[in-house]
Amino acid sequence: MTESIAVTGHEATATPLVSVAGVSKRFGGVTAIKRTDITLYPGEVHALLGENGAGKSTLVNILAGIVQPDAGTLTVNGDTVTIHNPHAARALGISVVHQHPVVFPDLTVAENIMFAAAPPRTAVRSLDWRAVQANAIRAMERLQVKLDPRELVQNLSAADQQLLEIVKALSDDTALLILDEPTAALSKHEVDHLMEVIRRLKSQGVAILFVGHRLDEVFELADRVTVSRDGTTIISGPAAEFTPESVVTHLVGRTLESVFPKEEVELGDVHLEVRDFTRKGAYENVNFTVRKGEILGLAGLVGAGRTEISRGIFGLDPVDSGDVLIGGKSVRIAGPGDAMKYKIAYVPEDRTREGAILDQPISFNLSLAVLDTLSSFGLVKSKSDRELSADYIKRLGVRTSGPEQLISALSGGNQQKVVLGKWLATNPEILILDDPTKGVDVGAKSEVYKIVGRMAQAGLAIILISNELEELLSVSDRVITFYRGAQGREFTERPFDSETVLASMTGQH
Amino acid sequence: MSTQTITSPPTQGTKVRRRGLPAWFGAWEISLLVLVVVVTVMASISTPYFATGPNFAITAGGVIGLALMVIPMTLLMIAGEIDLSVASVFGLTGVVFGLCIEGGIPLPVSVVIGLALGAVAGFINGWLTVAYGLPSLVVTVGTLGLYRGIAYILLESRSISALPVEFTTFSQANIYGTYIPYTFVLFVLMAVFAAVVLHRGAFGRKTFAVGSSAVVSRFSGIPVRRIKITLFCLSGTVAALAGMLYAGYVSSARANNGTGLELSVIAIVLIGGVSMFGGKGSFAGVMLSLVLVTVLTSWMNLGFLPTNVQNTVIGVLMIAAVVVPVVAKKISDSRPLRT
Amino acid sequence: APAAGGGNTKSLKECTMTMIPKNTDNPFFAAGAYGADEAATDMGGKKINYTGTAQPDVPGQIQRIQSASQQGSCGIAVSGLDPDALAPALTAAASQGTKVISYDADVKKDARAFWVAPATDASLGVAQFKLLAEQMGNKGNYAIISAQSTAAGQNAWIAAAAEEAKKPEYAGMKLVKTVYGNDVPQTSYDAAVSLFQAYPELDGILAPTPVSLQAAVKAKADQKFNPDLVITGLGWPPSDGALLKSGAVKSFVLWSPRDMGYLSYYAMNALLSGKIAGKEGDTFEAGRLGKRTIGANGEVDTGEPLVFTAENVDSLMDHFKTK
Amino acid sequence: MSLQTETLQKPASQPSWKRFVARREISLLAVLAFLFIVFSVLSDRFASVNTVGQILNNMAIVVIVGIGLALVLLTRNIDVSVGSMVGLTAYFAADFAVKNPQLPIIVVVLASCLLGLVLGSINGIIIATLRVPSIMVTLGTLYIYRGIDSILAGSNQVTAQSLPSGYGDLASWSLFGIPGLVIYAFVIAIAAHIFIRHTFTGRSFLAIGSNPLAAEKMGIPAKRRIFVAFAISGLLCGLAGVLWGARYGTVDSSVASGYEIVVLAAVVVGGISVNGGSGTIGGVIIGAAILSVISTGLALVNVSQFWLQAIQGAVIIAAIVSDSIIRTRVEARGVKA
């Protein structure tokens, strides 16, 4: 057991705002974190890094008063405290933006903000709606967010919901702001603005705990870095003492040749072509081709319409006009079933909602898209079924106790591998990947792209959508940008220049 | 602790070992089985009339309508939907079947008309649910009234008792020389078929998938709407069959046949461990729950126990069905874990 | 297995009679059971086995018929919820050697030996109608609030009343609507209120079941409806006696449930002992009720309908004892 | 610089008239008005003060029980034991009043409400503390409470004549021609509306139903709220129980059997989502009104009683389908615009 933790000294001048010492938590049989230590100082950005399932969110939940630790001490401003509930956390000046949005879709923006700011008192008291609205507007102004306070949250886009989350979290007396993967649903541009906000807060003396998987963001922001693995803090120190490579090594526990491996592939014929593809209000006149063995990257901001285009190709939404050609022939795709007949596979952007059935086992999920081929006379051949699961668990290196384990018990990266496996099992010729590494840790990301690379080698035509520009540019053979539903420029020459691509993504060229 | 063990995935053989119990026979099914055994033993000891062939025959024959409707309701609820109109379809088809017979339509044709009517009634439920994205609980509260109401419009206060002898015999009699009702054989065949389809069939897998997550299922190319409509049709058709057999069993088609039976059907499925929210449940559990409730009812009938006591016992059972597993889990979680 | 002896005779001194009412949560049937047990005491026989579902339930009746026969009950007396639906179970029980009679509400003729009837359907229907006509002065609009639309007894009485109404002296009487309260107080009350809404010129209500009678009286008072509206029909004296005394209802009809139960017991014993077979003209001794004869439809009547008024109701209350 | 303007999402906000029209109550009011017109044309007696009073009277108890059920539904739970709770409290209250005629009637009312509160609290405690599905628990207590009712009542029947005179007055008094029953329902509806719409605690009921996980993370005491919802549902059933006896006079063990379906129909037609989080008390009232208009209207237009149930069922379906169509139309236009 590694007990010695390398902690290099912070300036002795500052006193810690929050320190966590020897905290452990287990859920039933699962140890989420054990003997974790972390110290947060006012006016600094502290990045907490770790693989999926390393226990980062658990630590966040402990600080937020949602989860009670089994052991260890929490100290805030020098006093040992017990954070019984979220209200207690807020009273201590701890604000949290959770990994998964915690909004009330049936309530308005103003009400959502109201609940976040609620004092611990629970007496029945009448609401002053004008004050509620005014408070909401004031809270939004703090971040220069402009949402209609009377709008129902279910009508907001994912990005707006994420912004609302941050608005809700911040209040005038926030001393510690915890951001648990706040950028997973945001694209580059929004991330930049978020960073601006973070820097401003930092300059006001707020401590920030930043949990994330994107190393570029971490190095841009963080003053200090803590890496945890398997529920335990591995190393903690000033950001300047780390390099991306050393962080990855700590994270993964070994050196990684490359985070985004790129295989050399001989490109084949054009296999998929999209012609004059239009869905009013989402995208218009989209034209592109993908060759066998090629990875086509689609770049754009959130809301650029890339997801909608892939949904259109896969038959999930009706298309107003345009054609999809496969192998040169125009095909009609009225639903996912049709798309699958043409050997298209689609890994959707929202893994937990659209990709995997969380409360079913791995084997169930892996066979979901191939049930008919797995069965004869309507009965699933259990031998083929078992072989399929075993095969894909092995090929994709899914870390699990067995095929009967529930997906919900897997880490994000491993969940993503199962979703990928589900689609690879259909033997696709066209693979559409919509943000396949959203919320996935570095090690798993690298494994996912190794698999994608192998698929390209095997001659699949691949469309890749990602909000992480570095990743997109590293693994794509060709990149097309989109802006507000319109097709932008096409970049064909590797290596791509991220500045020009970004400019095109934001509609500047 | 070594770093190597974490980074490299555990080597996984191609052969998969199945540990412990199959998914369709878990802790809840075992508890139900134990309860069935305990209640059966107690009933057999307390009254000499319980464990007899004739009692089996009348109990199995009497429960047939309920038992048949439980089968599709299990599938439907696993798919995350519910059909409160089954008892009304049950009554309505009995009436239409009776009118057909009365109108001189040959028996086989009348049966087919009845089944078709049930399928249509089910289709309407399914279509309203799927096409307008309405909760099936709400839709079938409406059709519950509508279908029963049509039965009243058609037959008013009359009853039709001149049903063909071969039909009433099939519904009432036992296989010659045994205490096994014909209808029981029909039920067993349908139950076995449904169990195999649900737990071994591709359709069953899809049913679970649809109930667990309709969105993921759609994204996986599973025809969610078609499956739901199929299950509603199945529910209607089986309710129709049950309604006609019941009319045969009591030699009487009336507009109020089976009123209120939907609650019993749903109670049995829920006691069987099927989740109200879909995606969870097993056929074995539901069958055990059916047996349990039937055995209890038969025992209490023989003991001339008042119905209010019977109802109270069934209510306690329902609550126990959800409370016991939760409490058991709490107790087992609080025990220190072995490592 | 129960002895399937057709020839050997029995008596309620050795074996029990099972009495299955429409529902047990009902004072009417409880009074019937009281009467049967009274007969058991008078005769020195065994007490009856009184069993049924709390609320009316056809499959529940069938199950109890089957259980009774299986446990070797030598006789079953049943008040049929649905004459046809019970027939298969009753026939099966009879083939096992159990004697079957119906009481209160008849079942299919060939499914029972005979029927212990309250009074003849005709006399009950006519008696109720006559009270109504008399109080309405033989003219005006009236409506009927019956029990279930499927209730055989009520339907028979309504038919008898309709037949009676054809007589020339009732030419001024007009039936505007028949509605059904299902013997549920709420439904009956709502039905009465709706009638008052739809027919403001209503002069009379025939309520051939006590639930409707009470509901109609209450609705009339609550709605402050036409004070001259006549309400009569079938009443339940233990509670509706108050209606007679307050003048809300001048008179209503009923028979004695206690005598009916009493008669059922003696009739069953006569059947078991082989004294009678249930054919027309068969006679038997029925304790304090004297000698009884089986009529043309295989029925034996409890007696003539009793007409209850404010004056006589208290003196007749013994007919309704339940314990 | 603002974060908002840089994201490409169109601000999804709609003009306020569209938000208004898209509100479920509005489309339901249209359905109600339509029914009203149809019946007025079919029967000249329909559009009268008397009939309207009748419609209101008929819906009063449904509204009282429906408000409790609505509160439960808002938290994404369900209470199907309401019929049995009304039945048990109705018998208890009537029997209590008959046996203690000297007691002031208010004591009977309070006792009945207290019993209802206890019954509802039993549901609430099991559901909230053990986090088990409410449909199972309340389906169980549906049987149990009815069983207890039947054990208590047996063949006994309490009738209007045996009840103390003050008992019936509970329902039959009126103020300026407005029936007492309607006034109770109105007062409770106003209180419930203020609670749900204008208090912090009330809004938190919707929040819990809208996203239970989020409610937990926001520190809303969901267990306590869910418990309270069931307790209030029981309490209102207790009140409805006394009023039932007062209105209908005759009370036996079968009072309000199957009533859960009637109330559920009114509440869901009124737009309370069975998935929790959305709905208003106004909706409950309109839902109950639609059903009451149908049954009162049908009785007036002289259709055979055999048609009643079918027409009611058809109208329930028509109401929810047309509401769904109207709203999706308006919403679609709102987004496109």
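Lettered A, B, C and D in written order, each chain numbered from 1.
Note that contacts are C-beta pairs under 8 Å (C-beta built on N, C-alpha and C of every residue); 3 or more make two chains touch, one makes a residue touch a chain.
All values reported here derive from a predicted model rather than from experimental measurement.
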Chain whose average C-alpha position is farthest from chain D's own: A
Distance between the centres, which are taken as Cα means, of chain D and chain A, whole angstrom: 43
Whole-Å gap between the CA centroids of chain A and chain B: 42
Where chain B and chain C are represented by their mean Cα positions, the distance between them in whole Å: 38
Multi-chain contact residues (two or more partners), chain C: 24-25, 54-55, 149, 180
Two or more partner chains touched - positions in chain D: 150, 253, 306
Residues of chain A whose C-beta touches two or more other chains: none
Interchain contacts, given as pairs of chains that touch: A-B, A-D, B-C, B-D, C-D
Contact set on chain A toward chain B in their complex: 1-2, 28-29, 229-230, 252-254, 316, 335-337, 339-340, 346, 348, 353-361, 364, 367-369, 371-372, 374-375, 378-380, 382, 386-387, 389-391, 393-394, 397-399, 402-404, 422, 443
Touching residues on chain B, where the partner in the complex is chain A: 1, 3-4, 6-7, 9-10, 12-19, 23, 196-197, 200-203, 205-206, 208-209, 212-213, 215-223, 279-280, 333, 337
Touching residues on chain D, where the partner in the complex is chain C: 43, 45, 50-51, 54, 57-58, 150, 153-157, 159-162, 168, 171-172, 244, 247-257, 295-296, 299-300, 302, 305-306
Chain B to chain C touching residues, read off their complex: 49, 52, 54-55, 58, 62, 152, 156-157, 159, 161, 168, 172, 249-252, 254-257, 297-298, 301-302, 304, 306-308, 311
Partner chain A, residues of chain D touching it in the complex: 1-9, 11-13, 19, 194-195, 198-204, 206-207, 209-211, 213-221, 273, 276-278, 336
